[in-house]
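What follows is a group of structures, each given as structure tokens.
Two complexes, one shared chain (chain A), two partners (chain B, chain C).
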Partner chain A sequence: MIKTENLSHLYSEGTPFQTTAIEDINIHIPKGDYVGVIGHTGSGKSTLIAHFNAILKPTSGKIFIDGQDLWSADKKTRIQTRFDVGLVFQYPEHQLFEETVYKDISFGPKNMGLPEYEIHKRVDKALDFVGLDRALLDKSPFDLSGGQKRRVAIAGVMALEPKVLILDEPAAGLDPRGRDEILSRIRDYHRETKSTVLLVSHSMEDVSRNANSILVMNKGRCVMHDSVPAVFERAEDLVGMGLDVPKITRVFISLREKGYPVSPNVYTVEQGKDELMKLLRKGGEAND
Partner chain B sequence: MPKIISISKLNYAYPAEEGKAPHPALHDVSLEIEEGEFIAILGHNGCGKSTLAKHLNGILKADSGEVTVFGMNAADEEKVLEIRKNVGMVFQNPDNQIIATVVDEDVAFALENLGVPYPEMVERVNEALEWVGMTAYRRHAPHMLSGGQKQRIAIAGILAMKPKCIVLDEPTAMLDPQGRKEVMKTLLRLNREIGVTVILITHYMDEAVQADRVVVMGEGEVVLDGTPKEVFQNVGLLHSLSLDVPQTAELMYALRQEDIKVPIAVLSVEECLDELEKQLGGIGK
Partner chain C sequence: MIKDITLGQYFPGESFMHKMDPRMKLILTLFYVVSLFLVPDFWGFAIVGALMLLIIIFSGISLKVVLRGLKPLMFIILFTAFFNVLYGGGEPLFPEIGWLSWLKAEGVRNALFMIVRIILLILGTSYLTYTTSPVMLTDAMERLLRPLKAFKLPVHELAMMMTIALRFIPTLIDETDKIINAQKARGADFETGNIFRRAKALIPILIPLLISAFRRAEELADAMECRCYHGGEGRTRYKVYSFGWRDFLALALMVTVIGAIILLMIF
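Let's turn to the complex of A and B:
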């Protein structure tokens, strides 16, 4: 679905402020995958995803969307890419601008040139995905609560019915309830539409609970891209990069270092409990 | 330690919008805060924690009940300035709190308004920047700084007023993990080293466990109030309030469900390891 070849991007190229944002990225994200993108601030995550819907042009290297080389294609193809790859920025509620919720969500589909009935259908569907009440459609988005505004903004991108949905920290600033709600809506969307989803996050816990695979960015390079368990297998490396691995992962890494035969690959409380119960039962049998 | 804030049977409802009933936000809240405490206030959105905070320096006035701050009635219009010199507030979005185009001018903003003489102002600004570790950035433009740095500038602006108490309403919600750690380290340092009372509203458990005291709010009332250890015993209740619980306590709670006798309020990785080792006692090694 998304493929990059030696993708690099320099900011302020040719000036004294030139900085390398991403360097030599070679990744392949298959259709229908749910990828968590992690890395700390300045690691190049946002620069990378901005290439996927042609907002940024690579300094060198190539990007293929559905096998199509984005920058050797004509402009029309790139415009189509903006509809095919939906990007939800951080704090997307700051970008609401229409008079009503309906107008805001329908802005994208309208620009795609869809007929009125189709726009209507898409707004309806997007509203369901984000769990917003239809009674809000005629309201001004600015009269809504923070959590509702965020959902309107996400619905606006979902209404494009993109083949790839990319969300940059969709849960930032929300309370635990709001975070769980948004993430479960995105999970439903992924399951039902079979689209490819990229979730950019600082939280390893959120990523491990939602994604199938993880892409780790560090200092502008893609240093890992593998299934969730395979990435957590290298939890020590993640700690070394200054990433916050879940507390429970740290507990199990330490237990293993102390010589206990537990999996180092534990990142949820459920897995942790199962590992410990297995071990305790074994101990119980040995004593019998 | 002397009590500096005393809240007794505080009730507050937001005024009604046209054609709607007033929206009650706080119900009979009573709370005493001592000088030098580091208090974390937890609760989901809409539980009343920000509303409570806004009563501490006279931004909102009680419908009934009383809020006494440093011996003054917080609803007394004439005392508001004096109260705000003692209780400073920091809000969530760093970009909304920075006014000047140079860091030290921003920190000096309140002092200028208070008419503090120039030499003293310079001294206080320098001191405040030193405390938040931003001295090196004093001539920088605030908009070029990271979120964590901006938030520390906002804290310095409050510090320059030499308040006895700082109230922070989700100061780390918009920051990345690095910025969150910077702000938390700064607050702990101010509390431990110069005895500033800190009241921190947050969603992050790793911040709450570092406080001396945790107050949990739900639907406009105080639901739990105690040390982090006491509060995080109540895993079930916290879940029902849709709050996070530290993963280590979650694990202990899950083991308890399996009849394994472990304490629940285990809040750090080290403590958790100790408890697990006690249970495992070398099995399989």
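Let's turn to the complex of A and C:
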């Protein structure tokens, strides 16, 4: 679905401010995967994903979407790519501009040139997806609360019905309830539509609970790209990069250090519960 | 990307130019601009050009960067040159070729004169901002204008407004970039269509930008009040400027250049 070959991007090339944002990225993301992208602030996560829908042009290297080389194709293909690969930026509520919520959500579908009834249908669906009340449709997006604005902005991308959905820290700055809700809706969407989802986050907890595989960025390079258990097996490397492993994983690492026969690959509370139940059934004794 | 515009940007450094007193740099830039307009012929430009060369060498900023900054202004430069060619008088350059009769010697000379003048003008003023941080620049301005306080001119307030405006240019450019990308991700098209369509396409950028500018202004006002800002009265300086040998050397050089140009004007 998404493939990159030696993808690199420099900012302010040729000036004293030149910085390497990402370097030599070779990844392959299969169709229908749910990938968590994690890394420190400034590790190149956001730069990387902005390449996937042709918003940033690579300094060198290639990007293939569905086997199509984006930057050797014509402009039309790239515009189409923007609809196929929906990208929700960080703090998307800062992009709202229309007079009403309805108009703002329909901005994308309108750009696609869809007929009015189809736009209407999509706005409706997108609204359901983010869990917003229909009564808000005629309100100004600027009168809404922060959490509601965020949802309207996400709905604006969902209305494109993209084959690949990329979200950059969709839960940043939301309260825990709003966060869980948005993340669970994305998970449902992934299950129902079998679409490819990329979730950028620096919360290991969010990523491990939702994604199938994890892509770890560090200093502009992709240092790991593997299934969730395989990445967490290298928990120490993650800590070395200044990334945190989920709290539950840390608990189980310490349990193992204390000699309890538990699996080291626990990264959700549910798994933790199962592991503990297993241990208790066995008698709950530490090996000496 | 709009980020690549170098005009008015500051490049931190430790060069001769960077270490000069910003007040002196400001005054000398003023002299430089005046001298450019006094220049009577191409010999004068040779002198100013030599000075510019020294500035470039002693600023540690490569000419390549600066020339890239000139690129967006190429249109204005060529536009000016074009009209100078059209309105020039004198003898046709190629009298034997009929359709080139509008190409007259004086027009071409005027056009070249203008091109050199504009480029030197931009280079000189660019190097002021390249080597002086915005804060230092407004600081210097405030101090140079201080005598005008006697005429009830709110010098400090003006300087503060300017500092804030300069400080927020990169922030707003960043913000614009982000908004453009976000709207592009929703399929906004800024590049095709006639001028009205393109103007309309800017609305999805301008409205969020305006709103965020207001939001930032409010936040900044709050933050300043929280730190007890109450205007210039009784405010002391963290950085106290004083003229050093570099400044006097530069002044001497500038005076020499102006003297040479005046000599050129007389003879």
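As a working rule, the second predicted complex is superposed on the first by the 280 of 288 C-alpha atoms of A that agree within 3 Å, B and C clash if a C-alpha of one lies under 4 Å from a C-alpha of the other, contacts with A are read in each partner's own complex, and residues count from 1 in each chain.
Convention: a residue touches a chain if its C-beta (ideal position, glycine included) is under 8 Å from a C-beta of that chain, and two chains touch if they have at least 3 such contacts.
None of these values were measured; they are calculated from a predicted model.
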Practice task
Could you look at A:G259 and tell me whether it touches chain B, chain C, both or neither (first, second, both, neither)?
Solution key: first
Exercise for the section: Could you look at A:G32 and tell me whether it touches chain B, chain C, both or neither (first, second, both, neither)? Expected result: neither
Completion exercise
The answer to whether chain B or chain C touches more of chain A is B
Exercise for the section: Could you look at A:G108 and tell me whether it touches chain B, chain C, both or neither (first, second, both, neither)? Expected result: second
Practice task
Using the superposition on chain A described above, determine whether A:G131 touches chain B (first), chain C (second), both, or neither.
Solution key: neither
Practice task
Based on the superposed arrangement, let me know which partner A:F89 touches: chain B (first), chain C (second), both, or neither?
Solution key: second
Practice task
Tell me which partner A:I79 touches in the superposition: chain B (first), chain C (second), both or neither.
Solution key: second
Practice task
Please indicate which partner A:N53 is in contact with in the superposed arrangement: first for chain B, second for chain C, both, or neither.
Solution key: second
Practice task
Kindly classify A:P176 by the partners it touches after superposition: chain B alone (first), chain C alone (second), both, or neither?
Solution key: first
Exercise for the section: Could you say whether A:K273 touches chain B, chain C, both of them, or neither, answering first, second, both or neither? Expected result: first
Exercise for the section: Give every residue of chain A touching chain C within the complex, in rising order. Expected result: 11-12, 14-17, 50, 53, 55, 79, 82-83, 86-89, 92, 94-97, 107-108, 111-112, 142, 156-157, 160
Fill in the blank from the handout: The chain C residues in contact with chain A across the complex are 3-4, 6, 11, 13, 61, 64-65, 68, 175, 178-179, 181-189, 203-204, 207-208, 211-212
Handout entry: Contacting residues of chain B [partner chain A, same complex]
Key = 44-45, 92, 146, 170, 173-174, 176-179, 203, 242-244, 246-248, 250-251, 254-255, 258, 260, 269, 272-273, 276-277, 279-281, 283-285
Exercise for the section: Spell out the part of chain A that touches chain B in their complex, as residue ranges. Expected result: 40-41, 91, 145-147, 172-178, 180, 202, 205, 242, 244, 246-248, 250-251, 254-255, 258-261, 269-270, 272-273, 276-277, 279-280, 282-283, 286
